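Once you've had a glance at the structure underneath, I'll fire off some questions.
Here the chain labels run A, B and C in written order, and each chain numbers its own residues starting at 1.
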Amino acid sequence: MGRYTIRRLLQMIPVLIGTTFIIYAMVWALPGDPFSGKCGQRPCPPAYVAEMTAKFNLNDPLPVQYFKYLVNLLQGNFGESFSGRPVWDEIMQAFPVTFRLALIAIIFEIVIGISAGILAALNRGGFWDNLVLISTLIVISIPVFVIGFLAQFTFGIKLGWFPPTVGPNATVYELLLPALVLASLSLAYVARLMRGNLTENLRADYVRTATSKGLSRQRVIGRHAVRNSLIPVVTFIGADFGALLGGAIVTEGIFNIRGIGGLLYLSIRTREGATVVGVVTVLVLVFLLVNLIVDILYGAIDPRIRYE
Amino acid sequence: MSDPNASMAAAAPETVEKETYLGSDLPPAPGDKEKSRSLWSDAWRELKSNKVFIISLVLIVVFLIMTFFPQVFTFGKDPMACDLTKSRQAPSSEAWFGYDNNGCDVYTRTIYGAKASILVGVFATLFTMLLGGFIGVIAGFFGGWVDSILSRLTDIFFAIPLLLGGILVLTSFPASDSTNLYSEVAKVVLALGILGWTSMTRIMRSSVIQVRNADFVVAARALGAKNSRIINKHVVPNSLAPLIVLATISLGGYIGAEATLSFLGLGLQPPVISWGTMINDAQPYIRVAPFMLFFPAFFLSIAVLSFIMLGDAVREALDPKLR
Amino acid sequence: MSEHLLEVDDLYVEFRTRDGVAKAINGVSYTLDAGETLAVLGESGSGKSVTAQTIMGILDMPPGFITGGEIRYKGSDLLQLPEKERQKIRGAEIAMIFQDSLSALNPVFTVGDQIAEMFQVHRGMSKKEGMKRAVDLMEQVRIPAAKERVKDYPHQFSGGMRQRIMIAMAISLDPAVLIADEPTTALDVTVQAQIMELLQDLQRERNMGMILITHDLGVVAGVADKIAVMYAGRIVEDADVLTLYGEPAHPYTEGLLASMPRVDTKGEELYAIKGLPPSLLALPPGCNFNPRCPYKQEICLREVPPRQEVAPGHGSACHFWEEVYRARTDSAS
């Protein structure tokens, strides 16, 4: 277990270096004027250009530029918004709301997604199975922003069950509808993944063994089949949490939530390029970190992985 | 996947199959040309009787006609012919989908909007399939240090979520005042393709590795065939199926991603007409004129759904395990 | 009729699949007594495993359907028992060992955990007590360092050791009947012999009735008391081991014996039964063996041959059993 963790940590280093390099290259080394679109609607003032050129060492050769940038990142310096506020501060301010939203979304995924998957797998070919298959297919096909608007229009505006937008306090009740929208896509994947795994596992030899041991059907399914089927699902949900912490741009934008996604959404709309880049960098790093944690967790819940 | 018959079939007993066929002393023929031919023709036979496949194919053909011959559906109306006095008028017999903020006919624009979405989807898929497939074949076939380097490279690109990467590229992209549809499409294709190829590489690599050690490849090598010949004649044809399935499903995904980026104001820009930009335009008026948003959103969803259903059907047909 | 420990009586099982109805078992009967080993011999698809699964009650239903017959255990018909009652018998009184021990054991639980589960569920013991019993059992099936290995996972064992774990689990509650479905097929030849020896020892110690399912005539010879040969869901011949090997009375058995490599026929070409086993979806009319049978006559295409008594305790389902039988006994004398 220890060796596995260390190996995963070591493997992480080149990926971290590589991804930050790609981000850097995409932002500052693309052909053309790197300052276009980074200062709102107007062209960047010369003072800003000079400052940024110095800050990002744009006159140095690319590897040197990148190295200096990496050192900045390691010191927690993710750049400043156009107004001069450190991006890191803005992120930290927005983070609690996003975290709460992601947590509620994950709970939806776990509760609804897993139960729908189990229900479908246990009724293969039956009514519930087809209902789950068709509804998840529809959810997967409709882009999140469309689902978001539909939900906002139907439940927020027409029916008035939920507030159509979220206030500055972002209470749990206000976040319920956005969280459901945010969770919808992953929820559909979780349901399908669970259904597929469980169906396969129900046919597995060891489930037959469990039955022939004289265990009740409940125990066969609950302790043996479901537990094994949950391993990849838990991994998926874990990785998804990483994505949700950053991927909520659209949902937060639609429901006017002042989280990280909302910050990014606004920065894109107001063409605050520097903020966009800083926030995206942080989000990618968070995504990588959560994935690493999930990988290590995977080793803990599946004994086969540890000893490979 | 949503076809009840197909699910029933998949539930057919493993035991019988094992008992009936495995013992016949006739192991399934190795995946040589013969097999790949019968795999494809088997799959085709399977597909022809699959309702999901037929429905999605018909829908896709309709979208393709919209892409290349939008006039067929719009009775010659011009999507740019707008009349501000009709701004945000609700759907009527004259304008089925109503008018948008500028008084343009939403129906006509929705039809014309197919082009950008389909083009982005098709080209992003082709781009990622060719690039990702090529890297996957090289990594899987040669193995060793080539594989190590390429796989690490893939890991790095894979670590950046598609949407975030697309946002980065498009934010940093030198702004152009180009209103040319094709250069706009190319920009979005690049933004999606730069990160999208990794999943293609991964799936191609693993399926090439499976084929690489098959008896018929070993035999071809023993007979002195050159690597290029082995790859072209044996490895690629026999490992293509998973890539094709993924590509079909990805096509739907790219259409959705394009719309999302355009919705964020980053992808295609007006005056280029696309479902994403239409939804973006409609967003502020969702309370007063929801129809402006619903129709393009509906078309968009149906287009994505068609490709995902097609991919699902193809996967079912190509994967005997699912039958 | 005296009461046997286990009686399979005129059992019919079919699978209803998309491609049609597969008639897997078509009137199978056999009996088993305590301390006796019955070998059920047949190719894949002959229905030998399906019969065993039906006895255990682990057949996938649907697509499997039991369309006729009884399975009597200590006098009561298992097929009529409510599920709760069957669970009590399953594992505790009738236990089963499977062919592929790697896939038959749950990969995410330790082997001790999986053995202990038997005691927890059937005997209401605590996990701790169960684990203690698991160590005892692992010692009984001769797994070295059982105390340490009880906390290992299945994939950490070799194939032979894993099969011993399966056996330990199966015998944990002293079952009266042990069904071993191809227990050695997946193993190396040297390990095969050890496992068979272990099974035989355990069976004698505990006076279990054992059903040994195999396609390997070699495995059967030293272990079985009697043999039932299955073909296309029917028992075509049954006899005690010596009789069956010495005086087969069915052309299929004769073919199987002739196709066995032997030390004294070195250099000669190995005999092979011509043709392939029939598809269960479309069984040939009359005697199912007729397409491959060298003794085939017109009647074989029309009538299913019933079991006919060759000698007491020796039956053959062949219209021309006498010819098969005589050809063999004549050349021998």
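In this text, a contact is a pair of C-beta atoms (placed from the backbone, for glycine too) under 8 Å apart; a residue touches a chain by one contact, two chains touch by 3 or more.
Please read these numbers as outputs of a predicted model, since none were measured by experiment.
Following the contact convention of this document, A is the list of chains adjacent to both subunit B and subunit C. Set against one another, A-B and A-C show the most C-beta pairs in contact at A-B. Each chain gets a centre from the mean of its Cα atoms; for subunit A and subunit C, those two points are 52 Å apart. Averaging C-alpha coordinates per chain places the centre of subunit A 22 Å away from that of subunit B.
Along subunit C, residues 60 each make contact with two or more other chains. Shared contact sites, meaning residues of subunit A that touch two or more other chains, fall at 203. In subunit B, the residues touching two or more other chains are 8, 11. Chain contact summary for the complex, subunit B toward subunit A: residues 1-2, 4, 7-8, 10-11, 14, 152-153, 155-157, 159-161, 163-165, 167-169, 171-175, 194, 252, 256, 259-260, 263-266, 279, 283, 286-287, 290, 293, 297, 300-302, 304-305, 308-309, 312. Residues 14-15, 18-19, 22-23, 26-28, 30-34, 36-37, 124-125, 129-130, 133-134, 137-138, 140-146, 149-150, 152-153, 157, 192, 199, 203, 243, 246-247, 249-250, 253, 264-265, 268-269, 273, 276-277, 280, 283-284, 287-288, 291 of subunit A touch subunit B in their complex. The touching residues of subunit A, counted against subunit C in their complex, run 203-206, 208-217, 219, 224, 227-228, 231, 301-304, 307. Considering their complex, residues 56-58, 60, 83, 87-92, 95-96, 98, 100, 103-108, 117-118, 121-122, 153, 155-156, 166, 169 of subunit C touch subunit A.
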